[in-house]
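Take a look at the structures below.
The two complexes that follow have chain A in common; it is paired with chain B in the first and with chain C in the second.
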Partner chain A sequence: MTAETADPDPARRRWMSVLARAGAAEIEAGLAMCGPLPPHTVIRGPEGGLVMVRGRIGGGGGPFNLGEMTVTRCTVRTADGRVGHAYVAGRDARQAELAALTDALMQHPDWTDRLERTVVGPLAAVQEAAKADRAAKAAGTKVQFFAMQTTR
Partner chain B sequence: MTDTLTPGFADPVADAQACFRAVLDALAHPGRIRPVPPVEAPAPLCPAAAAVVLTLVDHETPLWVDPAAAAASGWITFHTGAATGEQARAAFAFALTLPDLALLPAGSDEAPDNSATVIVQVQSLERGARFELSGPGLRESAPLAVEGLPTDFADRWAANHALFPRGVDLLLCTGNQVAALPRSVTVRNA
Partner chain C sequence: MAYVAVKGGETAIDAAHAWLNEERRGDASVPELSVAQIEGQLGRAVDRTMAEGSLYDRELAALAVKQTAGDLIEAIFLLRAYRTTLPRFGYSLPLETASMQIARRISAVFKDLPGGQVLGPTHDYTHRLLDFSLLDPGAAASAPRAEPDRSAMPRVPDILGQEGLMEADGEAAGEPGDLTREPLRFPAERDVRLQALARGDEGFVLGLGYSTQRGYGGTHPFAGEIRMGEVAVEILPPELGFAIDIGDIVLTECQMVNQFKGSKTAPPQFTRGYGLVFGFNERKAMSMALVDRAMRATELGEDVTAPAQNVEFVLYHSDNIEATGFVEHLKLPHYVDFQSELQNVRRMRAEQQRVVERKEAAE
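What follows is the complex of A and B.
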């Protein structure tokens, strides 16, 4: 958190982030389009826990404990030994398991493109659109202090 | 990379509690052999050693892992979140053969609890060298047979016992069994 750490795998970081924000039903619908999935074993979880959220609040830039949030985590392994992890906000155990399974499959060359087309890509587009929509709404309420000064 | 990752306890809460109880019983009755819940242990760990590590070690307890067991350190780190570090600062030590007990923290007279608990994997708790245990928790001296400890174990243990109330505690694991030698116990060759 304190230092900028090198990102070992930006592509994986992206899909894990998309999956962590998606609902269980959305991931499930996407996976359903991929045909039968290979079997997997759950190594840990899905289990809930608390994570301390820290942020820079003051002007000094020092870390501050904002509060704890509920997080559900899960780790699965597919038959070929690839391990997928998921840490998702909230208590949706199904989402955590599906996200971990998708993470494991995304690391497999046979599955990467297929899942990118049916699961990660569409979910990323939906999330992007929602973010843009929210940003546009927020932009409409922005107060232009400079404009107020000139009208006075 | 993590191809060998296997699950921990089937029921993390209940199994860890049962295993904790077994370790507690073993420490309260030196030499008594207690069964622990099953775990699919990664090589070279035996199920009992894996169960005891999962039960006792967490992210707040620095762990030292015998280099001979390095193959399992990924599994241990994944499930416990423990920082594996140097021997001299370990709260727990895991080894396949008895390490030099003098190199592990023995605590201080003010805080004897700041000492290491050593988890050692042995070949058997039924065959092998025979010892006679006496001390707190034992009305009469109790027998213990261990295969897999060094031949001069009784002398090495005497040096550790002499530090009391300082000193390390020893957990012996094999198969799905655990036995314990707290620092308070006297060990004689039988």
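What follows is the complex of A and C.
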């Protein structure tokens, strides 16, 4: 992360990255537990498009264009004027809209804790567990070298 | 090329398409394949389709594989065509493969490297014998888990780089070229060459990589490091003004290490070829790294003698959609072309006949 892309708001970056990896049904189930949500209007999208993914020459050098990926984005505004954005990998329009709505609500002090408890926190835990399980499987295939015993 | 307008084939074409659909479905008494099954159980076909289709979307790639009955070049064609229908939101920040969540990471040059040798889900040590138990459905045994080691997995080039024995990655030189926006131009810089190789035909790149090992532009390579796993993609949307993470993609990366005798400006050291591809495809990443290194011949003061070192030859022939388009267009009606060729051959024949007759008359 370079200075120009340095993050002014690490908490928001975290919940956006959690929402980007969550299924629409998962976000919806979490939101359903929060009671009635404030009204919101969709001001952009949800719309599908592409992001050109860039690699680095040699792994750490200058950028090159590796190939594209599908991305869906959405922007919503809540009745009190807070704007939520979402850019999520893949083509799930519902996920993008729910992620944008959650992003807008998370910026509201009345909602932050409640949504953290019911939506973002549980989703983050599920994602962390899946990641830990993959890491454990990888660790299971780590080679443990040992010196050959000579037998006589 | 001249094509003659052809009419009257509509009914035949409709019938051919209907038969194609029936063929794809196969025996109706056997359950139909779902896209999710292809995505989950034919993962390497999906990976190849995404890499050469130059579009990361597992579900779409699986759909393309289903639609084309497993004809992967046709599936790649479908993805390339689909991408043209979507707007481009922007470019990602350059990926940080150093912080990949490792599923596999091996080095053929250091046995005891920091982070260790992690085999991952590899075919490498299988006996390559048909497993007849797969003829019947059954659950796979679950993979054993172990406590992950939290130590860092530094990139192998960085380990050698500390001693100054490995060339550095180099600095960015402005905006990279983009083959999806501008046509190929020569001399093609390394950024464009890597883009072309990443989406190039696996078989073609493999064959060229192999040719370098057999002496056609060879540089005695070592697989310095191969790593595979998930990497987060970040973008910087202007409306936000800061970078956000939009999800993970699976990548395979290869650092191929080559000895270099040095030149007037560079000391003897190791140089590298680089491979990076969508999905789990080690064969492609390794081949890409070999060919990338071969195409650096001019930059490193080596003679350009072999096909893999010839940048124009490689880049003009690596794209399987362009290649199949030109080869397969020969199937299209060339009736007018052929009529004129036919007249030509008849004229030449008649000419030759007249010469022979004249000679005979003179004798």
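Assume the second predicted complex is superposed on the first by the 135 of 152 C-alpha atoms of A that agree within 3 Å, B and C clash if a C-alpha of one lies under 4 Å from a C-alpha of the other, contacts with A are read in each partner's own complex, and residues count from 1 in each chain.
Please note the rule applied: contacts are C-beta pairs under 8 Å (C-beta built on N, C-alpha and C of every residue); 3 or more make two chains touch, one makes a residue touch a chain.
Model, not experiment: these values are computed from the prediction.
In this overlay on chain A, chain B fits alongside chain C without clashing. Residue contacts after overlaying the shared chain place A:58 against chain C, while chain B stays out of touching range. By the touch criterion stated above, A:35 is placed in contact with neither chain B nor chain C.
Note on chain A: of its two partners chain C and chain B, the one contacting more of its residues is C. Of the two partner chains, chain C is the only one that A:71 touches; chain B does not reach it. In the superposition on chain A, A:43 contacts chain B only, with no contact to chain C. Contacts of A:81 after superposition on the shared chain: chain B is touched, whereas chain C is not. After superposing the two complexes on chain A, the shortest C-alpha to C-alpha distance between chain B and chain C comes to 5 Å. Residues 47, 75 of chain A lie at the contact with chain B in one complex and at the contact with chain C in the other.
Chain C meets chain A in the complex at residues 50-51, 54-57, 59-60, 83, 86-95, 97-98, 101-104, 111-112, 116-121, 143-149, 155, 157-158, 168-173, 176-180, 190-192, 194-195, 198-199, 229-230, 232-237, 239-249, 253, 255, 272, 274, 276, 278.
Those residues of chain B that touch chain A in the complex are listed here as 1-3, 5-8, 12, 78-79. Those residues of chain A that touch chain B in the shared complex are 41-44, 47, 75, 77, 81, 83. On chain A, the positions that touch chain C within their shared complex are 1, 5-9, 13, 16-17, 20-21, 47-71, 73, 75, 85, 87-91, 131-143, 145.
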